[in-house]
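So, here's a batch of structures to check.
Each of the two complexes below includes subunit A, the first together with subunit B, the second together with subunit C.
== the complex of A and B ==
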């Protein structure tokens, strides 16, 4: 499994076991986010701890997921982003769009 | 794989199982044959650009494509070459559709090109077979609906010094050329 989820209260914590998050997994990931948007106001923390490489397709899937969650009045917070991946978020100005935290604890706290 | 002095050509598989292996091979070659490795930020951007070129190949080409790296004392030139579908775009302001070779081509002109939903990039049409991608302006999205879901060419442009698309009509080849000045 490339993605796993844990539930903590009303928050879904999604963990990526991928080192490379790319076109190969972007459709699957987008579907995974959508599948976890059944609730009203879904709250999600996405833990990117293992991800060292990310491409524009996977970033696109994250944006699509965020659009879906926001359309249901929910929230997404990202945690544990590596420096290289963070550089990608800054280049695309998505660091201003996503809520980004140093670790999952802070991300969970922000959604409570 | 073809290796000559200062030149490396790699075939891009239709499905890449490990980006990292491919990227590391390119980086290792560039570091051995140029001064690119002296700058940590530069190598990080080189890796990002290679990754995006690979994704571009897998997403759009559907045919055999290649990464070609040439190292010179003052620059590293990376080309992604394929014989797949030509690159096309629309002018945001006029909605005019552009295909290659651009006909009629009158003179170089800068336009805001639409490449997809919410996805635009400024380009300079240099000749009927060549465009240059220009530095994107700093954008602060006013709402989530404005955010694009495609970023590949924008990322490549921000990683390098110059970024061109060339259409070779004789060979029916698309060539994305990325230059890192040293």
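== the complex of A and C ==
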């Protein structure tokens, strides 16, 4: 599986096993986020620990997921972003759009 | 196991599943070019496997071959009615098997190429273009455009040059997040909004690129059709009379300025966020002064994405260093693009580079 989830209290933790997150997985990932935000005020942590490259299609899916979650008054926190992906987020100001934390523990704490 | 070895020795990458359920699990992460399935299996058989695939939009078009010891017509008829492409008998000689598989893969590729060519022909006939085919020369500036498609498919990058009058010209570079036809399709919606917003703002006497960006952002924000489609945008206004340039951007890559005096590239980073994501995109604008021979560059993300040794990377500094070296050696725009975007750099997306040179 490219994406797995675990539940911790009212928080869904989504873990990506992909090294390169790109067009091939973007639709599936968007659907995965949508499927996991059926509740009111969904809270999600997305663990990007394995991801070393992210293309614009996958970023688009991530942003669409955030918009969906925000529309339900929920929150998304990203964790364990690699230096290369973080540099891209900073360059395109997506670091101002997402809540970003060094690790999943801090991300979970921020949503509690 | 013998079949797997035969295919691997012929250069195919093979993933083996122990059952239909195992195969369905593998398909979640990896859609193959071809499936070869046994007819008789525990739990679910080959026919049931094919029926499951046919019910899925994602899997229904994967070429499918039955591997069977049966050659009775009833089996063949049932398989073919399930859109199986062919049967192969167990124990088929290697040469025949490989020839059959290559024929199937070649046919699928030919059909796909034919469909893409037909779509391209229709797009050309309708004059649907999201990148101008001509460069533009003004009194004080020369604008040159480089655009390269990804694997010969149209993509999400879009460019426009909007000449208001002899004095003012707008330059637009956007990139719809996505690839190939899907992104290409939506690029026209973004372009329509951008052209309209620029024209309407100019009619109202508004020539602030930050304010124009906000108008574009507002209208895209409320459009349900673009609800989960996003685009970056770089917007530049050239005042050809005064020789001035103003710039605003939405989650775009930095505008690069090469100064002839220093032979160095300076980055201008905008503050705006992705078009339409928030009601207020937080756009700023920067005035960029130029003297003769200074060169500005706008770029899409395909310019800085590449694949080396099977690993994909994003590296703007690598691109800036290459560009600086070529500019310092007084290379022309054509020489620069030929030097950077060639067979040695494996492209992973469509890419666009625009040069604005002060004459």
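Just so we're on the same page, the second predicted complex is superposed on the first by the 112 of 112 C-alpha atoms of A that agree within 3 Å, B and C clash if a C-alpha of one lies under 4 Å from a C-alpha of the other, contacts with A are read in each partner's own complex, and residues count from 1 in each chain.
Operating definition for what follows: contacts are C-beta pairs under 8 Å (C-beta built on N, C-alpha and C of every residue); 3 or more make two chains touch, one makes a residue touch a chain.
Computed from a prediction, not measured in an experiment: that's the story for all the values here.
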Fit or clash between subunit C and subunit B when superposed on subunit A: clash
First (subunit B), second (subunit C), both or neither touched by A:64: both
Touching partner for A:84 - first (subunit B), second (subunit C), both, neither: both
Which superposed partner A:1 touches (first subunit B, second subunit C, both, neither): second
Touched partner set for A:97, first subunit B, second subunit C, both or neither: both
Which superposed partner A:20 touches (first subunit B, second subunit C, both, neither): both
Which of subunit B and subunit C A:41 touches, first, second, both or neither: neither
Overlap of the subunit B and subunit C footprints on subunit A, listed as residue numbers: 20, 22-23, 52-53, 55-57, 59-60, 63-64, 67, 84, 87-88, 91-94, 96-97
Subunit B residues touching subunit A - in the complex, by the definition given at the top: 15-20, 23, 44, 47-48, 51-52, 54-55, 58-59, 138-141, 144-145, 147-152, 154-155, 158-159
Subunit A contact footprint on subunit C (complex, rising order): 28-29, 156, 175, 177-180, 183, 227-230, 232, 251-254, 269, 271-274, 277, 282, 301, 305, 311-316, 348-349
In the complex with subunit B, residue positions of subunit A that touch it: 19-20, 22-24, 52-53, 55-57, 59-61, 63-64, 66-67, 70, 84, 87-88, 91-94, 96-97
Subunit C partner contacts - residues on subunit A that touch it in the complex: 1-2, 20, 22-23, 26, 28, 30, 52-53, 55-57, 59-60, 63-64, 67-68, 84, 87-88, 91-94, 96-97
